[in-house]
Structure formats: C-alpha cells, structure tokens
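Everything below concerns the one structure shown next.
Letters are used for the chains, namely A, B, C, D and E, taken in the order the chains are written, and counting of residues starts over at 1 for each.
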Amino acid sequence: MNAAAEIQIESVSMFYKDNKGNDIHALNNVSIDIQKGEFISLLGPSGCGKTTLLRIIADLLEPSMGKVTVCGQTPKETRMQQKYGIVFQNPVLYDWRTVKNNVRLPLEMMKINKTEQNSRIEKQLELVGLTNFKNHYPHQLSGGMQQRVGIARALAIQPEILLMDEPFSALDEFTREKLNEDLLRIWSKTNKTVIFVTHNISESVFLSDRVCVLSPHPGRLSAIVDIDLPRPRTREIRETPEFFSLVSKIRNSFEGV
Amino acid sequence: MNKNKTLVLLVWFAGIFALWELGAFSLVNIFHDKMAASKLPYPHEVIATLAKNWQTLSEAGAVTFSKAATGFALGASIGIILAILMSISKIAEQIAFPYLIVSQMIPVLGLAPIIFNLVRNMDASRIIIAAYITFFPVAANMLSGLKSVDIDKRELMYSYAAKKPSIYMKLMLPFSLPYLFSGLKIAAPLSVTASILVDMLGSKNGIGVKLLYSLYGGTKDIFWASVFTSALMGIISYFIVIIAERIFIPWKKEFNTKAGED
Amino acid sequence: GCGSNGDTAASGSSTAGSSASTSGSSESTASTAAPDKITLQLKWLPQSQFMGYYVAQEKGYYKEQGIDIEILPGGSDIIPEQQVYNGVADIGVTWVSSLMKYQGQGWDLVETAQIFQKSALLLVSKTKAGIKTPADLKGKKVGSWFGGNEYELYAMIESAGLNRDKDLKLVQQDYTMDQLINDEIEAASAMTYNEYGLLLESGIPEAELSKLDMNEHNVAMLEDCLFVNSEWLAKNEDVFVRFLKASIKGWEEACKDPEAAGNIVFNVDKSVSLEHQVYMAKEVAKLVVPEGFDAAKIGYIDNKAIQQTADYALKYGLLTKAADISKCVNSKYWEQAAAK
Amino acid sequence: MTDKLKSTLWPLSIGVLTLLIWQLGGFHALLDLKPFQLPVPTGIASTLAQNLTKALRDCGITVSGAIVGMIIGSSIGFLIAVVATVFPKWGYGGLTVVSAFNAIPIVALSPIMNRWFSTGMGQKIGVVTVVTMAAMAINAYRGLTDLKPFSLDLMKSYAANRRTVFFRLRLPNCLPSVFTALKINITSSMIAAIVSEYFATSTSGLGFGIKDNLRKAEMAMGWSYITIAALAGIVLYLIISMVERRAVKWHASQRIK
Amino acid sequence: MNAAAEIQIESVSMFYKDNKGNDIHALNNVSIDIQKGEFISLLGPSGCGKTTLLRIIADLLEPSMGKVTVCGQTPKETRMQQKYGIVFQNPVLYDWRTVKNNVRLPLEMMKINKTEQNSRIEKQLELVGLTNFKNHYPHQLSGGMQQRVGIARALAIQPEILLMDEPFSALDEFTREKLNEDLLRIWSKTNKTVIFVTHNISESVFLSDRVCVLSPHPGRLSAIVDIDLPRPRTREIRETPEFFSLVSKIRNSFEGV
C-alpha cells in the first residue's frame, strides 16, 4: 500500500440486490493505488464492474466492503471539494438546457464568473467540434454529439480528478483519435489524475500510464499493465511495435480471463 | 406503509393537533373571539364529539364512502378513456379539452336537472354527478403522462407496425401509470367531496347529510366532527391509491431517490 | 299566465284515472292492493318545518290511504319546483312567491294547498344596533337568503320609504346565523321556527334581540305550500286527494301536540337537537293553525293572502306581469280532502 | 400556420355545430327539456347582451378571486411538494394532510371561510386556496422527484447542495407537471370560486348570479352567467397552455407530431 | 438505378429545423441501391446523418426530398408488414419490463406463440450472454448489457431487413468480435438484408459486402467501397493484407473528407 497514492482502492467489493433480494456480486476485492497525475485505464468486458468501480471512487455508490481513499480523505470529502469531473456512460444532459448551458452547468455551480464561463464553454465546444450547435437542445443532436457535450462539460470544470466512463464509445475513429490526443495534451499541461474506462484496448494503451484489466462475474482485477511508452505520445506511436506488443499483451491477459 | 412512515404521520398529526389547539386557545383567550367555536374549535373537543358520535358518523361515512368509490371508479375510468382518446388524436384533444374545461364550469346546480332528464333516475344521476366532478384531474394527468412518453420508446413500437391497442397496452399505459396515479391521488379525496355533495342532493343519509344538517341546524360540534370525518375519508382514499400504486408500479422501486443529496 | 289551469284537472275528477282508485279513500282496503308510491320533495332539511308529513308517515296515515310515501329532504342545492317538474318528486313544498315565479316562466305547476297561513320570516338584529322599525334599517347591512326569499324584505324596506339599493346594503346569508353573531351583518333573515330559535340556543338572550315581523308590518308573503305538476295531477287526482287527506291529518295531529311531533321528527334525523326540533314544532304549529284559525281547515288557500303575495311579487320585481291567481292555485283537491 | 389554424378551427366548428343543435332544439328533444328549463343560445346571448356590464363586473370579481386563490393555493401546494422532496421522510405527511383538505367539500368550507374572512373576496380566496393545494402538491412532487436516471448523480458529482439541486435540476424537471396541475387548478379554482359565492356575504360574482337566477327560474340569466364562467375558464386555460408551450418546449409532450 | 434492388434510396435530402426555425441540413442528395440479402455498412463521422438515413429507411422519418423504396414499395408499407428489425443507437428498453420481456415485446406484437417466444428469447439471450440476467430490470444492467438486450430484441424478430445503429459501440472488443461473427453466421444462414451503422472501420470491413462512407455537414455519400473478401469470414481474416488494405482504403476516403 502506498501512502502517497492519490487514490487508494483497498479490497473493494460490491453487491447489488436483484429484484428478488438476492445479491449480485459486481466487484470482488479490488485494490488499486493510483498516483497523483497518473492516467489510468479500466478495461474489461461488458458488465464486469467498471462503471461500478468508477461510481464508488466518485462517491456515487458506497462499496459493500473495503474502502476508498482519495487525496488522503474519503471520496465524499473529495467530492464535496468539487474535485471530480465525470463523463458518464450515457451523456446525462439536461433536456431544458441548450448545449452551451449544459456545459455551463458545473461552472455555475463553481461560482465561476460569467466571462470565464463563456470563454471556457467556447473553448470546450471548439474542442469537441460543437461550436455550431451551442444553441441546440440535446434532442436535436446525434448520439455522438450528445456524448461530446458530456465530455465538454467535464473538461470545462478542469477537475483535479477526471473520471471518464467510455467517453468516446459513440464516436467515429477519427474524432476519437483526435480527442484522444486532445485529452493527452490537456492532461500533460495540467497534470490531473485521470481514470478512464474503456473497452478499446489500443485507446487504453495510447492514453494510459497503466491499464487495469478487470475480469467479470464477479469483477476482479486480473492484471495491471504498465504502459512505458514515451510521452508526449502522438498518432505515430500507434504504429510502433512497442505499441502493438502492449496491445497484444493486454489482449492476452484479457482473453486469459 | 412501514413503521417509520406511520411514526412520521403520527408526528404530523400530533403537530397539527397541537398547532390547532394553540390556535383555538388563542382565539378564545387572547383574541376573545366569540365565534371561536365555529371558526376554530378545540380539536380535542372535536375528537371527543367524533368519539361520542362515532357510531352514527362512521355509518354515515361508510354510506358516503361506498358512493365515493362508485363515483371514483366511474370518474377515473371516464378520465382515463378521455385521456386515451385525446392522446390518440391531436384533433380530438384540441376539440375536447376546451370543452372539458367548459363542462367543469357548469355548476351542479345547473347540471343536475339536465342529467336527471338524461337518465331519469336519481341514483344514476348521483353517480354521474360524482363521476363528473372526479374525472377531470384524472383525464388531465393521464393525458400529460401519455404525452410525456419518450419519443424513442414510441418509435420502437412504430417500427413494429404495432396497432394502437398494443401500443397503448404495452407502452403508453405502463409509461403513464405514475402520472395516472398522481391524478388518482387528486381524484380519490375529490370523489369523497363529490359524494358528499351528492349526499346533499336530497339523500337521506351519508356524511354530507350530517354536514349540511348540522351546519344549518346549529350543531357546531357535529358539524366539525363531520368535517373531520370527511377529511379522514380523504386520507383513507389517498392511502388506498398509494397502496394500489405500489402494486401496479413495481419497477419504480425508488431507484431515483437512492442517490441522496448533501 | 300560470301555465295550464285547474280546468284540465277538474275535468278528470271522476275516479277513472287511477288504477288504485278502487281502493278509494276507504281506510280498510289499503292492505290488499299494492300501495301507490308517492315522493314528496321538501324545501329544506328534514325538520319540524315539515312535521305534518312526518307525523302522517309515522302514524301510518299514508298507509291507511294506500300510499307508500318517500319524503325527499331539500337543501341548498335543491329546487323543489325543478324536482317536481322533472319528475324526481311527485309533490313539492315551496314558498308561494317562488312557485309563482316558476309558473310565470311557463312551468306547468299548480298550488294545491297552503300549509303555512302566516309568514315566518323575521329580520332579527341585536338590540344594540337599534333597529326597532323598518325605517331603522337605513344604512344597515342586512342579510337575506336571496334566490326568491328577498321579496318580503324588499316590501318591508320600501314600505318604510327606503330605497333597497341606496339606503342600505343587502348581503347574502349562508343559511347560518353566524354572520349576525359575528357582527358581520346588523340584521339577519330568520325564520321564527328555526333560525331565531338557533340564535336563542346559541346563548344570546331574547332581551338582546329585536325582531321585525313581516306579518306585523303587513308585508307578509305566503310560504310553505304544496304544489304539483299539472300533468301529473291530471293522472293522479285520486292518489293526490288521498295524500292530502293523510297530510292534513298529520298536520292536525302535529299541531295539536307539537312536542310529540318534534320527537317524531327528531327520530327521523338526529343531527339537530331534540330541544330545537320541539321548539320548531311549536313555532310551526303557530303558522299552520294561527290563533283563531279552524284546525279543520289546515291547508286552506286564502285567496286574499295569495293575492297579496302575488301583488308584492309583482311590485318588487319578482314577477314581470301580474299572476292570474285562478290559474296558479287550485283548491278543488284540498276541498275534497278536507271534506270529512 | 395551417396547424394553428386547424387547432382553432376544429374546436370552433364543433362549438358552432353544438350551438346550432342546441339552438334548433336538438338537446331539448333529446333530453326532453323545455326551453324554459334550458334556454336556447340566442336567448342566453340576448339576456347576456342586456346585462353585459353587470355580468362582466361579476366575472371580474369571481375570476380575480379564483386567480388569487389559485396562486396562493398552488404556491402552498408547491411548497408542500418542495418540503416533501427536500425532507422526504417528513414531507410525506404533508402530502397526506393536503389530500385530507381535498376531501372537505366546498359547501362546508364556504361557511367556515365566511367566519374567517368578513369579505366575500376573502372567503372566496380562502376556499379556492384550500381547493387548489392538493393538485399542485401531488403533481409537483412527482415532477420534483421523478428524475431521469443519473441526473441526480451528475449534481452529486458537483457537490451541489440541496438548493442547487433544487433550482437547477428539480425545478426545471417539474415544470411540465406544474403545468398539468395548473390546468387542473384553473377549472377547480373557477368552480370553487363560483360555489363559494353561493354562500358568500356578498351579492356579487358569477356564483351568486348563477345560484340566484337558477333558483328564481331566471334560466336565461343563470345560463348567461354559466356561459361567462365557461368563457373565462377557457381564456384562463388558453393563457396557461400558451405559457406552457413557451416554457417547456424541450419536453416530449411539446414535440409529438 | 437498379430495379431489382431491395432498397432504393433516391436523392434523399433531409432538413431539420433548429429552435429558431432555421434549417439544419442533415442529408444531401444521398442515393444508394441495396440488394436483397446484402450486408451494407454506413460509416461516417459523428453527426453526419447515419442515424437520420436509417430512420428514413425505417419510415421513422420522412425525407425532406427524394424517395426511398423498400421491397418495391414505400418504407411505410414495409414497416406495416413488420419486416424491419431495428437496433437503436440507445437501447430504448421499457423500464417496466424485465430483460426477458423486453426481448419478448416484438414477438408478442407478431403474434408468435408462447413456446416459440420463449425458445427465441432463450436463444437470443444466450447469444448476447445475458441468460443469467433475464429476470433483471433494465436499470439493473450495465450500459453494455442494455445494448445487448436491444440487439437480442431485434434478432429475435428474425426480420427481413435488419437495421442496426451502432449496435456494438458499448461493447468490449471481445464481445464485439464474437457478436460480429455471430451476426455473420446468422446472416449467412438466413440471407436477410442488413444495414449496419458503425464508426468502426474494421468492423465494417469484416461484416459488409459494401461500405458506404458518409461525409458530414451536410451528410453526403462520399464513397462506396466494395468489400470483396471471401465468405464465410472468420476471425483470421482480420489479419490478412487484403483486410488491411481495405481498411486503409476506407480510412483514406474518410480522411479525404
């Protein structure tokens, strides 16, 4: 156990109740230490507990067993200090707010002044390529566009800890790769901690310092793979043999499940 | 209802009781209001009267309540049917809704003779009048539920070329159940009101009769005890709807309230 | 005009009309034939105001006449004229002026007996308001039930030389006396037999109350009478006569012993105290059989009083054209019934 | 535009047809009514024309009482819903209590309110207030609590306090339900105001006009008052639905074809 | 134009209205002919109009211009014959039905008998790996599991024409690849027409006979690429140079946008 770790996940288990009152064992004894400024990915098959783990870290869910420490305090305290920025698996936009105002939402909450709000909104919408849609309502957007609004909203916070749950799953490969790079650029400038849920192995390799592979039923940590590719990473790195070998290493640890 | 909620409810009623008691006390002793007994009688006295006359009041209440149930059943059914018709066709809604509002503006005093002439039977007229008073909130709520159905959920049905009956049975109705139940929660106590009003249209018994006679006969204590009884019936009817809601909406198991706030 | 007159009814005065006519008025045969069902619509709640019918019912006088009676209570949302015209009830109790108004609008209704011979309407005030004569009403807030009950007040006000719109403020009363007790109004409408008694029972001593009586100021209009739909009457003359017979007998008995009558009514409905019911019975008796009135003539229609009622109704705006008394009223059945 | 035209033309033509049938004695034949029981439209109209100023004055009195009462009652109802939302444990009782009030008939309420308020207007407002509370409380409660999945999680992740959650999530989310309640309350406030006037210490208002005239066999007068009440009700309803169309255009109910 | 084509898309354009009433040009003059039994993919960046085109084919949307013919008739007629099976971009499950009963929904509508219903449900849930969750409600499932229910539901219909809108986007690579193969197996057995929206190039190459590449703002058809890889295709084909060359060909046509 590393005392200096920014996020300590200690033997976390999670049981849900099904509608007959039986336990569904979603996570089993997961322990991970995450360093400050680290970019870590959670990888695993559908239903293995990635979202569950993320929600526990974000204090949206209490673990049934075990404990999570974030910045030396409870997740709740961290949450109360507004240190989290979360991209949810479904975009969770507010129907009554336009794109612009959905992104503005957390900024209002953080008492950021209006001009700063506007400039951040501009910047993030630019980043995700939605500048022309800023006055649209969510129901007027395509699925991928909605997801991008959710990304812009989380990035606009410039959070200490960025939790992203399959943020790019609804995006085409090009937008995805572009946003991968943008994300890395932002991250390297600000040195925030990122926990990134994905089911795309090469994405996880491209982005992360470490990749945590979860196996399902119940969700267990089956491997942690260090990604020792140099940074800054650019598009070209995807073509290198090191990259491929890491991808297949992970794929194997995955398949071994 | 679990024990906790019962307790909460008890605290509520105790609180209201105490407040009321205080109000009555100050009316008598601070404001020296000579109308105190009819403005705000001591609730303990009302309850004492209620207890003393429990036999007659509960009998009268039962008569009214059973009529309310009939009126409610009919009114709610009409409300649901109207809402469905209005949701099937926008034109129907545009035609009907304004006239439903108009219909609600006709007081029973003007309506009763017309209804009687229609059905030529006093008991039937009474049930219709009770239904007439009850149906509107059900229709309005149900309609707003039917109109709130997510568009993608509708499209799924549409893609199966589903016929109207299955669209309604499998999508529209289940979806709008929570809305319907809101309407029923409003309508259930209202049906007690309606039934009381119908009592007053020349019935021989019922809590409405007690209310009217005691009001005009100067028996203030019975009047207030009857008011309490009708309120109590309202609460009972409300709880019946709540229980029905639990039974009919099992999938809505508070997964929204789980994530509390700080 | 008052709709169809008594002629149509008179033409069928033979016993041919009714199937139950064979049972006639003989008191013994009633048990064999199925009794005729009759519904009576009261103008107000079941109270000693209508004790005659309750006594007759209780004592079986209707049954003796082969009548199965159902007495429908009234209320603030019930208009007896409409109930009878629509066929909800066969026979109704209402105030004469109100009936005249309906007749004037074309409703085919006819008065057949006058139960109350006097007006029972009072304007009651607290003595401290200083209302001793109608003229004292000037500048006061005066309560009325309206809806046809205001014309005696109009007559009283204008007979005192006051203008009912300018010289005082007429407001609506909610059928309780609370507004007077609460000093929201200075004078209130009250029936001698009911509201006035309620005031006393509420603890206000009689000495603190002053009342203006319509009869004393010669502005009385007739109140509780029996009326029917002319069409119905034409088909049910015999039953109706039998109904009248039983009712008169009931009233006679009730006025003889109001205490007992009050008790009988109390047993019908207990929401009002026995004490008040008996009080009401005693007061009502004074209206049905006033001093000097022959108890055998209960239900007698005094054309002079009717005429005065009609005149005031016309004068103070209830009616727009004069009522033809002969068409509004038909005494024939009462005469048949009262003839022993 | 054609849609708008249709949406007024249809109800209008049905209305005209109804009036025509009524005028030509269709209803009288059907219901076995005499014209002196139910006057014909032209009779009502000409009576109304003769008494228009008085009728409009009475209408103003009733409508203003209805509106003020509805505003107060709906506000109280809304407040109860808010309490029930913010303090779920305790607020639950409030909804029950409000439904108890809903079971007290106007006929009993009106004399009580006569004691409490010496003026007809006060009494009217009092009655309407009590009558309109429940519909608002129950509908608003549903609107405040029936949230889209995860929308509360989003707020929670911002460490939003109850106030913020309320104003930024629950309040906009409950708007459609509030409008449903207002539509119900429009009608119930009008009818409550009218019936309360049957018993009010006053001789003005539509209710007095209806009752006084119907009892005195002045059917045309009585029905002209009923007509005015109906028209007022429609106008109020149209105002509400116009505001609704503007305020919740993002909601599914405003988008169906 | 090919008269024998199962689906003819002729010069279809689509305009949406934004909330100011301005036109949003979503599709511009798209024409595609799709043969009976063909497996065709729609590929393109987020917001380019893939979903819009699919919805037009499915008769969920009227094109602003142009026309679509399906099986020689209008899309509406085809829809009325219940020939479509659609996997929506968000799963669109009914909250009040369990997993099993969500899959059952279309079968009920098609008047399929109960035993057949059950066996199809079993089979499809088996296929998507949700047998153990058949009695769960949608809110008890992970994002990917919900999406798989949507897939099972569409396959259970055994439709003439299968329209799939990014069906596998929320799935991990292994599940995805497995389902890719399952889908091909099912398709080759039944020879149904499939239109498959994806933003995953290699998936589109692996599955399709032809890949239609759309370019955005407004959505235009920028290329149609024939995939002449032999069938049956297995996992191994992904490693062949032909596969890679097709992928990069498409990537290029994509990037050329």
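Here is the rule we use: contacts are C-beta pairs under 8 Å (C-beta built on N, C-alpha and C of every residue); 3 or more make two chains touch, one makes a residue touch a chain.
Protein names from UniProt, one per chain: A, E = ABC-type quaternary amine transporter; B = Bicarbonate transport system permease protein CmpB; D = Putative aliphatic sulfonates transport permease protein SsuC.
Every value quoted in this text rests on a predicted model; they were computed, and no experiment measured them.
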Count of contact steps on the shortest path from chain B to chain D: 1
Any chain in contact with chain D as well as chain E: A, B
Two chains sharing the most contacts, counting C-beta pairs only: B-D
Centroid spacing, where centroids are CA-atom means, of chain B and chain E in whole angstrom: 49
Euclidean distance of C-alpha centroids - chain A vs chain C, Å: 85
Distance from the mean Cα position of chain D to that of chain C, given in whole angstrom: 38
Residues of chain D engaged with two or more neighbouring chains: 37, 107, 111, 115, 149, 153, 156, 159-160, 198, 211, 214, 251, 255
Residues of chain A whose C-beta touches two or more other chains: 19, 60, 80, 90, 137, 139
Where chain B touches two or more other chains, by residue: 35, 38, 109, 113, 117, 150-151, 197, 200, 212, 215, 255, 259, 262
Chain A-facing residues of chain D, complex: 148-151, 153-154, 156-160, 164, 168-169, 172-173, 175, 248, 250-251, 255
In the complex with chain E, residue positions of chain A that touch it: 16, 18-20, 24, 43-47, 50-51, 89-90, 135-137, 140-145, 148, 165-166, 169-176, 199-201, 251, 254-255
Residue ranges of chain A in contact with chain D within the complex: 55, 58-60, 79-82, 84-86, 88, 90, 92, 94-97, 105-106, 108-110, 137, 139
Contact set on chain B toward chain E in their complex: 150, 152-153, 155-162, 166, 170-171, 174-175, 177, 249, 251-252, 255
Chain C-facing residues of chain D, complex: 34, 36-37, 107, 110-111, 114-115, 118, 198-203, 208, 211-212, 214-219
